[in-house]
Amino acid sequence: MAGHATTKVVGQTDAQATPRFAGLTTFARLPRLDQVPDYDVAIAGVPFDAGCTYRSGARFGPAHIRQASRLLRPYHLGLGVAPFEANQVVDAGDLSANPFNIPQALEAVSQGAAQLIADGRRLVALGGDHTITLPLLRAVAQHHGPLAVLHFDSHLDTWGTYFGAEYTHGSPFRRASEEGLIDRNHSIHVGIHGSVYAESDLSEDTDLGFSLIPSEALEEGGVGPVVQRIRDRVGDQPLYISTDIDVIDVGMAPGTGTPEAGGLLTRELLLILRGLRGLQLAGADLVEVCPAYDHAEVTGIAAAHVVYEYLALMATEPRRLSNESLAGHQVQQ
Amino acid sequence: MAGHATTKVVGQTDAQATPRFAGLTTFARLPRLDQVPDYDVAIAGVPFDAGCTYRSGARFGPAHIRQASRLLRPYHLGLGVAPFEANQVVDAGDLSANPFNIPQALEAVSQGAAQLIADGRRLVALGGDHTITLPLLRAVAQHHGPLAVLHFDSHLDTWGTYFGAEYTHGSPFRRASEEGLIDRNHSIHVGIHGSVYAESDLSEDTDLGFSLIPSEALEEGGVGPVVQRIRDRVGDQPLYISTDIDVIDVGMAPGTGTPEAGGLLTRELLLILRGLRGLQLAGADLVEVCPAYDHAEVTGIAAAHVVYEYLALMATEPRRLSNESLAGHQVQQ
Amino acid sequence: MAGHATTKVVGQTDAQATPRFAGLTTFARLPRLDQVPDYDVAIAGVPFDAGCTYRSGARFGPAHIRQASRLLRPYHLGLGVAPFEANQVVDAGDLSANPFNIPQALEAVSQGAAQLIADGRRLVALGGDHTITLPLLRAVAQHHGPLAVLHFDSHLDTWGTYFGAEYTHGSPFRRASEEGLIDRNHSIHVGIHGSVYAESDLSEDTDLGFSLIPSEALEEGGVGPVVQRIRDRVGDQPLYISTDIDVIDVGMAPGTGTPEAGGLLTRELLLILRGLRGLQLAGADLVEVCPAYDHAEVTGIAAAHVVYEYLALMATEPRRLSNESLAGHQVQQ
Amino acid sequence: MAGHATTKVVGQTDAQATPRFAGLTTFARLPRLDQVPDYDVAIAGVPFDAGCTYRSGARFGPAHIRQASRLLRPYHLGLGVAPFEANQVVDAGDLSANPFNIPQALEAVSQGAAQLIADGRRLVALGGDHTITLPLLRAVAQHHGPLAVLHFDSHLDTWGTYFGAEYTHGSPFRRASEEGLIDRNHSIHVGIHGSVYAESDLSEDTDLGFSLIPSEALEEGGVGPVVQRIRDRVGDQPLYISTDIDVIDVGMAPGTGTPEAGGLLTRELLLILRGLRGLQLAGADLVEVCPAYDHAEVTGIAAAHVVYEYLALMATEPRRLSNESLAGHQVQQ
Amino acid sequence: MAGHATTKVVGQTDAQATPRFAGLTTFARLPRLDQVPDYDVAIAGVPFDAGCTYRSGARFGPAHIRQASRLLRPYHLGLGVAPFEANQVVDAGDLSANPFNIPQALEAVSQGAAQLIADGRRLVALGGDHTITLPLLRAVAQHHGPLAVLHFDSHLDTWGTYFGAEYTHGSPFRRASEEGLIDRNHSIHVGIHGSVYAESDLSEDTDLGFSLIPSEALEEGGVGPVVQRIRDRVGDQPLYISTDIDVIDVGMAPGTGTPEAGGLLTRELLLILRGLRGLQLAGADLVEVCPAYDHAEVTGIAAAHVVYEYLALMATEPRRLSNESLAGHQVQQ
Amino acid sequence: MAGHATTKVVGQTDAQATPRFAGLTTFARLPRLDQVPDYDVAIAGVPFDAGCTYRSGARFGPAHIRQASRLLRPYHLGLGVAPFEANQVVDAGDLSANPFNIPQALEAVSQGAAQLIADGRRLVALGGDHTITLPLLRAVAQHHGPLAVLHFDSHLDTWGTYFGAEYTHGSPFRRASEEGLIDRNHSIHVGIHGSVYAESDLSEDTDLGFSLIPSEALEEGGVGPVVQRIRDRVGDQPLYISTDIDVIDVGMAPGTGTPEAGGLLTRELLLILRGLRGLQLAGADLVEVCPAYDHAEVTGIAAAHVVYEYLALMATEPRRLSNESLAGHQVQQ
């Protein structure tokens, strides 16, 4: 599997030849998909926000995150890896989605994702609103079966229909669980802190297969215990990480659609991710960046750093995922 | 008709007793619909933007315009009228609309509007994206037959389907014309200035019943000739005015969804409206205010002033419209 | 007492029927005072800022907080309560205050507050600058006698006159203490972190009846010990909480009038409040939100969440306060 | 007279030695009052806004305008003068004013201004809200008798009391007229465009001695006729110009306290001023810049340019004003 | 010549298949240079701002303008042309330039431009600060000899050295004139409105070969006479247009480096350009967009529209320029 | 030594006589250098940013920080000192630097700094970009020999050349180490958290004499252990503190040039500094505040508070530094 990808990796545009503020925008100044013969990890935007219930505008998220990612450099100090050297990472552009028809959009995203992840390649998706995680999970689960989902968010996103719509940014994990895409013994929400509809939100959520670490946990014990609880829950299952940027306190990451106060610090989020080395990361997304509410790209920068953590984690694993490699996978800390 | 409304009018909250920045927000600090026994003109928000093709967020338009309207005072110098004294004007709150289902939303808006305009009452709607003008026209045309439409915009909005959607903010006037809601001999676009798809956009637009005054006309001859061309076109037909705030140059009114440079000055727009005294204004809307892109409420203030011009025009007419009164109506300048 | 209020509670506008961004703005989409037969807790704005010494503009605070509170939902996970179900909470609009005459304004606010809290009802006030806490304390202390004051702020606000003015946003607690409104054995500042005038500021403050927990305490031991120190200090006295939003670090809550760096995280503030369950909360305010300096409503959102914590605490207590109930009150943790 | 001031003029900091963005901030990088032996024209800030009825914050106006004036250069092309060479212009800092006591503040401003204009020197004041024009007129009229006032504004500012306060930013010209500071045959408002309270506002205004040119006049005939009407009205009386920055359309100058749409373009305002060459300018102010609502200093830049026009006009006149020189003054065009 | 380019033109990404907010960012969603076999017009960014004397940041201009150009559509109503159909227009990315060494940067830009314009192809450059116009003129003049330069700006940009630097954003046209790149009988500044250093600025400018139309001219006679004066001056010489975005009033286009009040309206600028049909446009640039000072992309949108006017003008001419075609060129109106 | 400075200290402008928002702007409303006979500590701006590799604009940093420092008061609660009473602190204005020639600028800054620190006076510099620390270190090391450098930053700033430039904001500490200005056994970076170029960045950095505390350390053990590690590393050497504001998480301090997520909280930074009492602080700077990206002055306020901590530390030491005093210095905790 990993052997597939033997061509020399093409990394970022050379910052000594082209200033980081110059050149057409791709994520982290990486090559586009069409500029390399093959790739291990694709980054793709999903500029879709028709499932949003409050502040719309996440359709501009992918372009914003890309622009905010220009400062990323080749080497990740914390994990001691070079994410763009360990894997051929490319910017695959955006998956097009019908802005007026949610089911059609879901289908298009699912198909687009499926193509990108053929043969054990991995996808990191940039939202877009949280609706898009459902078709992404469909594509990834098709390869790996039910996934352990690690979900960073201020909200549960296992709510039901809204104005009669089954598929919105409030329900991706309910639908995913109902569709069997989620491993109900190994999935977990982290950072929950907003108000909810009713006490039953929680019990239903548990039934759908999630355990929960609220943002208070960070206040109480810091990052370490949270990392351990996540590792314990996820185990050695194929893992999908979905981060809603609103898990970060709105005071630090204002550019989002359903903002809540009392969330995580960006640093906490990055360090939790950094603690997940050795888990088998099958795919990931970062959603709900809404640029119209951002200032000085701070939310975009936080988002770009989250994605960089994803890529650094992937740099610690084989270049291509396969069911065999996943089967034989041993979690190492 | 006008005789219906004989109760004493309740005007704005007294600014000598309550500072203009205080109190729950209604348009121009006017009474709510439930605070008066009857009304002549209702102002209602339509916080719907699911038909938007670019910068979404006009769903927050009504709340924003209301907040930006607090400074409006009782007397309109230019027309010499007291809009809140001549008519009982109320803030009727918002018409609720399904954010995920355009046809359902259209239906709800149409029904809500129909109720508000019963018995010759008039409605001024605050958008929301331009999709909402279609159901508003449906409601108004039901009373008055095909309407002369005066449409201020940088775009024609007579485009066809977009991603298979028939009803978006790019097509309300095509649909309205197809549905027979528009008087094809008396309708007109004013302020058009963006780029278009093809030369045929214009010829199709003409077929749908519109003549056109581009923004260049303001540069060439100023407000006077534009007013005259509008009056000549509209004649003495029942008139509906729909203003897309993007008719104003984006440099003066940044808070909008499909921004274009080269548009009208706010002052030009207000003065054109002021020149329409004596036309029989059956209804009006102001759409596409997108607060996330506004600064210091400047777009909201421009929008509030446009609505104030509508109300001032209505103050020069009978308090209630009826087919009889419309039939006997003579345009006076 | 609590028995007074037996009518069925009217909660928030149904978010399944009206999107949260729609409808005339009230705090948390709650009913207005005139829409219910009676209430337990009133939320009222006090749009007054003539006592401000630096960045003015808190007069727009109430409207801003209301708009930023639309996302609040019915159930508070952390405390396991439904604040709008446990009590009939209403938005009572704004208390009008003369913007040019501080003494007259104090009198008006005091009277307005007194009316709202008749018969054991409670008031949560939205400022406005901190000057307003004095008349609020006057009204509440009239019912309950000297109050234990829990004061979150970056400043002591026990300063003296400023430019000859006795009543400004820098002196409410000095005046309140002088007037006997404060229980000098049970009052406490939390989060203090700005520079001060002189060493004597502290000793005078102690004489006025306050103990002090600086923001450093959060760095050292986190939320838990701070909660304990507050509970120890406040005891089972009738409690008034006054939160100046500038207690939060200006980097997370920029929209305020006398900004300081080095403050609390919003999460810390919310969790401290959450730790106060069982104290007998007689009244509360949230002041110094200055929208002109806010961005993307982040300060307004933080403020709305603080108020939500107040309401959640009140949901754990009897619906109406009475001297008897207060006398027999036992603090439970 | 002009002979008084014979010392060599000290101009701006040399931009070839110190970049324009460097150095402690004074208006246009001019010397401070204490850096020169004498001066002809003083620029002084009046950071007072307690008379503001809506968006407060003009107290930060002077600092903002100074920072925004750094790009001003020595030579005025339109009038062909070197304003900082023709006169010794200095930045006199700010006149201190009690923020809580309007009468005291008026007195302090009046006295401070009187000192600065001794011996025929001139003052250009930077507000602050419009309340400050009254004490400035008191000081200037003490030297020159009733003044022809040229008032650029969207509002008349001849309103009465507000919440019992006689002296606010809505009434300076009523008070000034009542106090005999204004020459009732030679005063004029230019640019009026907001809504008003009642028809009687206008008739009372006329009685107070003002004629009026609304903003519509610019649309109709452009700058030329407006200049002529001003010159005809003002004649050869000693002239005081007071510009409320809100005379400019809020879309171009957002940073102000009582914003209105439909105002002048900045270019129109500058060109009108440029047309006033030869009038005898005895003093001037620029008020109502409210930085919290500004963006990228655009309002501050407009304000700085207005002040530059004042200074250019003063450069065409004798360096010192005296009653004799005024008496013998002949308007030249 | 024009015959060179016979391959079918590739236009914008299909907005019916990919929403305009989706996809990697290129100017107007045009193909990249590597996506077509050949091209007629290249758009290239020059993200260089080390020559800036005040607000730096134009280095981010190209990325910003591209993002702000997504709404541009295929057909230009005013000129009746389809700019992306008449010519193969491509986005050639950015020309890299050393941010610390102005002479090296000039050399690199000049060489990069020369490559792009080989064989009669044309270049439209997106700045970057105005320093870049010098190397662009060097490249274009190499093909066509001294150029008639049409320069829209608030400043003359014929100043001398600054802090010893010969090549800054204040001197490109002085250097260009000295180097013989400019046709001194056919060059002209339009829109000048800032203050200058000395009266001699103008006389020196005249000696360098420029005539001048100040922004006042627009106030006086509108667009028509300005167009005629430009046409008269330029004649049938090969024309280079350089637009500094600060020619637009800072109130409408805040995102720029040396902002001045009193400039052109965006509409005036666009209409002047539209009036130049038939002139032989050999190259063009749009400089000084400084995104950090922009809001809601309004300056970027104005810039994108200016570039669209350039491309529309080029669509009215032969696809490739050659000396022969230029020699035989007859200006047609 | 300390005996040199015996004149009575002039402190801040009296806030009871002049509101804090009034008066020409100096840091903390302190006297200018020319207003006192002598001084102990000079605050000087260095508005230079030509060494910046990404977001330029720190040239406006000094003016911004000064304006944001107006609220600072005389007494520092945490350290129990009165910084403006213990030392005569002055605002020395800005050191001028050539914006186009880095070597010349370095020389000018170095000379300017040398003058200000004559006779044991101390300098606190306000940047400007980080390039300026090199000439500042040159000046300070000339007096005290190699300095222990405590460097707060998200980046190492020991990188090599960039586009051939040796002296940029990425290399001051490499150059300083090479020039022998740094005590290689006692220097330390704190707060590092961005991605880097290569693993070798770290080893080279160690060779240049730095140890390192990453931002993660704050998450793990809080402020206390970090303070101890700094004290252990620095020992009793003459200390220079250089704080790059980007050490704070970009979500709390957006106004900076090379922003990174995951940094320190402002509170952590202030408390670490507060923990350094007793170290012998020979000089300090605060760099990389880039106002164009700031909002509501939050970054400026954080910067002003950092400087206030510097001044408070200096207030715990002798008023003048001398080699003798340094030699006999004993670190006390």
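The first chain written gets the first letter, and so on, giving A, B, C, D, E and F; residue counts start at 1 in each chain.
Please note the rule applied: a contact is a pair of C-beta atoms (placed from the backbone, for glycine too) under 8 Å apart; a residue touches a chain by one contact, two chains touch by 3 or more.
What you see is a predicted model, and the numbers here were worked out from it, not measured in a lab.
Fewest steps needed to get from chain A to chain D, stepping only to touching chains, is 2.
Shared residue numbers account for under half of those found at the interface formed by chain C and chain F, and the copies are therefore classed as meeting with different residues.
Ranked by separation of Cα centres from chain E, the top chain is C. Farthest from chain B in terms of Cα centroid separation is F.
A separation of 38 Å divides the Cα centre of chain A from that of chain C.
Chain centres here are Cα averages; for chain C and chain E they lie 56 Å apart.
Spacing of chain A relative to chain B, judged by their CA centroids, is 42 angstrom. Touching two or more other chains at once are residues 19, 21, 53, 59-60, 99, 162-163, 251-252, 265, 293, 295 of chain E.
Contact annotation for chain pairs lists A-B, A-C, A-E, A-F, B-C, B-D, B-E, C-D, C-F, D-E, D-F, E-F, with touch applied as defined. By the touch criterion stated above, chain D contacts chain F in their complex at residues 17-19, 21-26, 32, 45, 47, 59-60, 62-63, 66-67, 91, 93-94, 96-97, 99.
Contact residues on chain C toward chain D in their complex (touch as defined above): 49-53, 55-57, 59-60, 98-102, 104, 162-165, 168, 292-293. Contacts from chain F toward chain A in the complex involve residues 53-54, 162-163, 192-199, 201-202, 214-216, 218-220, 249-252, 254-255, 258-263, 265, 293-295.
Of all residues in chain F, those touching chain C in their complex are 16, 19-21, 70-78, 80, 82, 222-224, 248, 251-253, 265-268, 270-271, 295-299, 301-302, 304-305, 308.
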